[in-house]
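Several structures are given next for inspection.
Next, two complexes with subunit A in common: one pairs it with subunit B, the other with subunit C.
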Partner chain A sequence: MAIFSVYVVNKAGGLIYQLDHYAPRAESEKTFGFPLELVLRPHDERVLVAFGQRDGVRVGHAVLAINGLEVNGRFTGDGRDVLEYLSSPANFPVSIRFGRPRLSSNEKLMLASMFHSLFAIGSQLSPEQGSSGIEVLETDTFKLHCFQTLTGIKFVVLADPRQAGIDALLRKIYEIYSDFALKNPFYSLEMPIRYPLLLGQEQQQGPASPPPVTGAALEAAASSPLNV
Partner chain B sequence: MSRSANRRQENHKISRELFVLTYGALVAQLCKDYQQDEDVNKCLDDMGYNIGIRLVEDFLARSAVKKCRNYSETADIIAQVAFKRYLGVTPSVTCTKWNEFSLILDKNPLVDFVEELPAGRSSLCFCGLLCGAIRGALEMVNLAAEVTFIHDSLKGDEVTEIGITFLKKVEDKKKKKNK
Partner chain C sequence: MTVHNLYLFDRNGICLHYSEWNRKKQAGISKEEEFKLMYGMLFSIRSFVSKMSPLDMKEGFLSFQTSKYKLHYYETPTGLKVVMNTDLGVGNIRDVLHQIYSYIYVEYVVKNPLCSLNETIQSELFRSKLDTFVRSLPFFSARAG
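Entry: the complex of A and B
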């Protein structure tokens, strides 16, 4: 998918909507014997591969599951420390699933508010008066596009660097926001936008089903940027 | 009367009568609920405010207006783009002071079916919702304003005149205190 994620940030810097649209993640499950050839290292709340890239397991991948049981941060499903578990030969052979780590919702909240601050700094650093904030942030694997409305809401889209038409997509997302979030009488301004039940249903039915709800509409807009 | 409905990329126009009658019914019900005109006016203003804070995003999303550089541009945009889009009329703008503007409506669509205000309701601001909406919309783009009816055709004046007084611009940059 060319569009990776969509974030909507309110005036105060809080994340009010987030949508992930990643391609199927690279995950690999392998059985290992003692001693483990990979070098694992704890980082934040996860255990990451620091060295020893081989087959499908790359540096930076996190431990997702051990013996089929999902890992909970640095601890296994049954509460034992992962590194400790993997350092005792009695537990081997063990089957470990590695994959790209997913951002938790707290991390996303934090990153959104950090981006909000950077956006403000961007406009203050400018040598010209009245500059806009950060509009595009480019890395080698993705491009972040940000559109701030005159009312202070920011729409952030992470997309493939080669993807064109993101400006139109951002305007479209703004229209969808004004339609589905704001015109809903029970939605309070600046609050998180949640339509969990309908989002699940609509995702299965696809964009043609009426009435489209925020999540499905954004999903549809994100998956067809060239049709915008 | 045209108003965008929640259909994909289509501007559905609804019946003008439906809109005007609905508004009239709303005001009539409020008059039944409240004895005092001031209460009704306040209620209409609050409702208008709640509409305005949401409508402004729809307006900004759909009409590609750029950021206004001064009050006069703002008043022009309100009159020529916003009123045209939502009510189908274009009031004329006059500037009385550097921060005071008047929108003069020859024809007010909301009072199509109203002959005159009922007896005992002489200080009722029938279109108070419009004032609240303009005030709410301006507040969302950090322009504090006072919006009132200067002249009202229902009260015997020739035209309907809405006065917008821009107050001090709200600074939206947070000033961080030194910790």
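Entry: the complex of A and C
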């Protein structure tokens, strides 16, 4: 039971705020000898498993770390190409950590605008008059809840399928958005909500101004969905 | 509780069958375009969901709901997609969609030598069996006729 992440999408489909709250660990680390029995392939600036599903390593998983060193896209921690590194027998035995690829900020942006379109198509294909867009989308691993305000801003929460109280959380997030983004004189509408930047600016303005708490408040709300 | 309509897509996105019961609003586009839009939406939702998921998925996308209707989705390993739109009161009907596949599609289309796969189903038998099955569902209410 958990809240996985929160997205705020403006009325044009742009992502203006994103928070990753909890990501369940789906990683597996194994030591391999040469030659590697998995087939790895570069895809979207990542190295993914293309063949050879075994021991928790699944097709589609990405190489996350080599010998405990985090991998940076297609390059190892010390700047060498992952595929090249793993093709040389001298580097074996090697311990590789695999897991579901984490979303990059570009992908999050793309997925947010994708949801914006799906939302619109969902209402167009309705068999009933006057339907809204997608409000709840259910899969076997998570449930997506979406709340669209009258002004067109969408608050999207990804949560565990059994998590209750998400409707209250969405209203609470709307409240926090209204209080800490809209009422902030430095926030311009439809633009990304960047509270650390604002924090920096306000500190420059003078010590009397209260610290902006959009992110902190959202995080707190996500941590205690049952108390809102 | 009621059933609005049902789409059956093959793995290439061809709409094999469409039938409707209590549908009050048309999409305002031709049926061919509606099928393409529906398939396109499901295709995108599948890709969206597989990227968003925090864990590896088994069944993937199951359903979504708006303020007025609920779309239930079931896909077989061969890529046949059964999509049923109902009202919001209907819970998980995965087994019902599976029954449509195994008791009706397999029995009256796959086992029918006169039905060619991968194109719109012409069989009147299939149509009537499906209609009878859906009308006998506990959550099918004929009140709107």
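In this text, the second predicted complex is superposed on the first by the 184 of 228 C-alpha atoms of A that agree within 3 Å, B and C clash if a C-alpha of one lies under 4 Å from a C-alpha of the other, contacts with A are read in each partner's own complex, and residues count from 1 in each chain.
Simple rule for what comes next: contacts are C-beta pairs under 8 Å (C-beta built on N, C-alpha and C of every residue); 3 or more make two chains touch, one makes a residue touch a chain.
Computed from a predicted structure; not experimentally measured.
Under the clash rule set out above, the superposition-derived model of subunit A with subunit B and subunit C shows the two partners fitting side by side. By the document's definition of touching, neither partner reaches A:S87: not subunit B, not subunit C.
Of the two partner chains, subunit B is the only one that A:D179 touches; subunit C does not reach it. Contact with neither subunit B nor subunit C is seen for A:S105 once the two complexes are overlaid on the shared chain.
In the superposed pair of complexes, A:G122 makes contact with subunit C only, with no contact to subunit B.
Once chain A of one complex is fitted onto chain A of the other, the partner contacts of A:N72 are absent, as it touches neither subunit B nor subunit C. Contact with neither subunit B nor subunit C is seen for A:S95 once the two complexes are overlaid on the shared chain. Put subunit B and subunit C next to each other and count what each touches on subunit A; the higher total goes to C.
In the superposition on chain A, contact is made by A:L150 with subunit B only, not with subunit C.
Legend: residue contacts after superposition of the two complexes on their common chain; A:L189 is shown touching subunit B, with no touch to subunit C.
In the superposition on chain A, no contact is made by A:T31 with either subunit B or subunit C.
With subunit A as vertex, the superposed Cα centres of subunit B and subunit C define an angle of 90 degrees, given in steps of 10.
Think of it this way: put the two complexes on top of each other by chain A, and the tightest Cα contact between subunit B and subunit C is 13 Å.
Remark: subunit A residues 4, 23-24, 26, 58, 60, 100, 103, 107, 111, 114-115, 117-118, 121-142, 144, 158 touch subunit C in the complex. Considering their complex, residues 4-5, 20, 22-25, 27-28, 34, 37-38, 40-41, 44-45, 48-49, 51-69, 71, 85, 87 of subunit C touch subunit A.
Per the touch definition, subunit B reaches subunit A in the complex via residues 6, 8, 53-54, 56-58, 60-62, 67, 140-142, 172-173.
Across the interface of their complex, subunit B is touched by residues 11, 120, 149-153, 171, 174-175, 177-180, 182-183, 189, 211-212 of subunit A.
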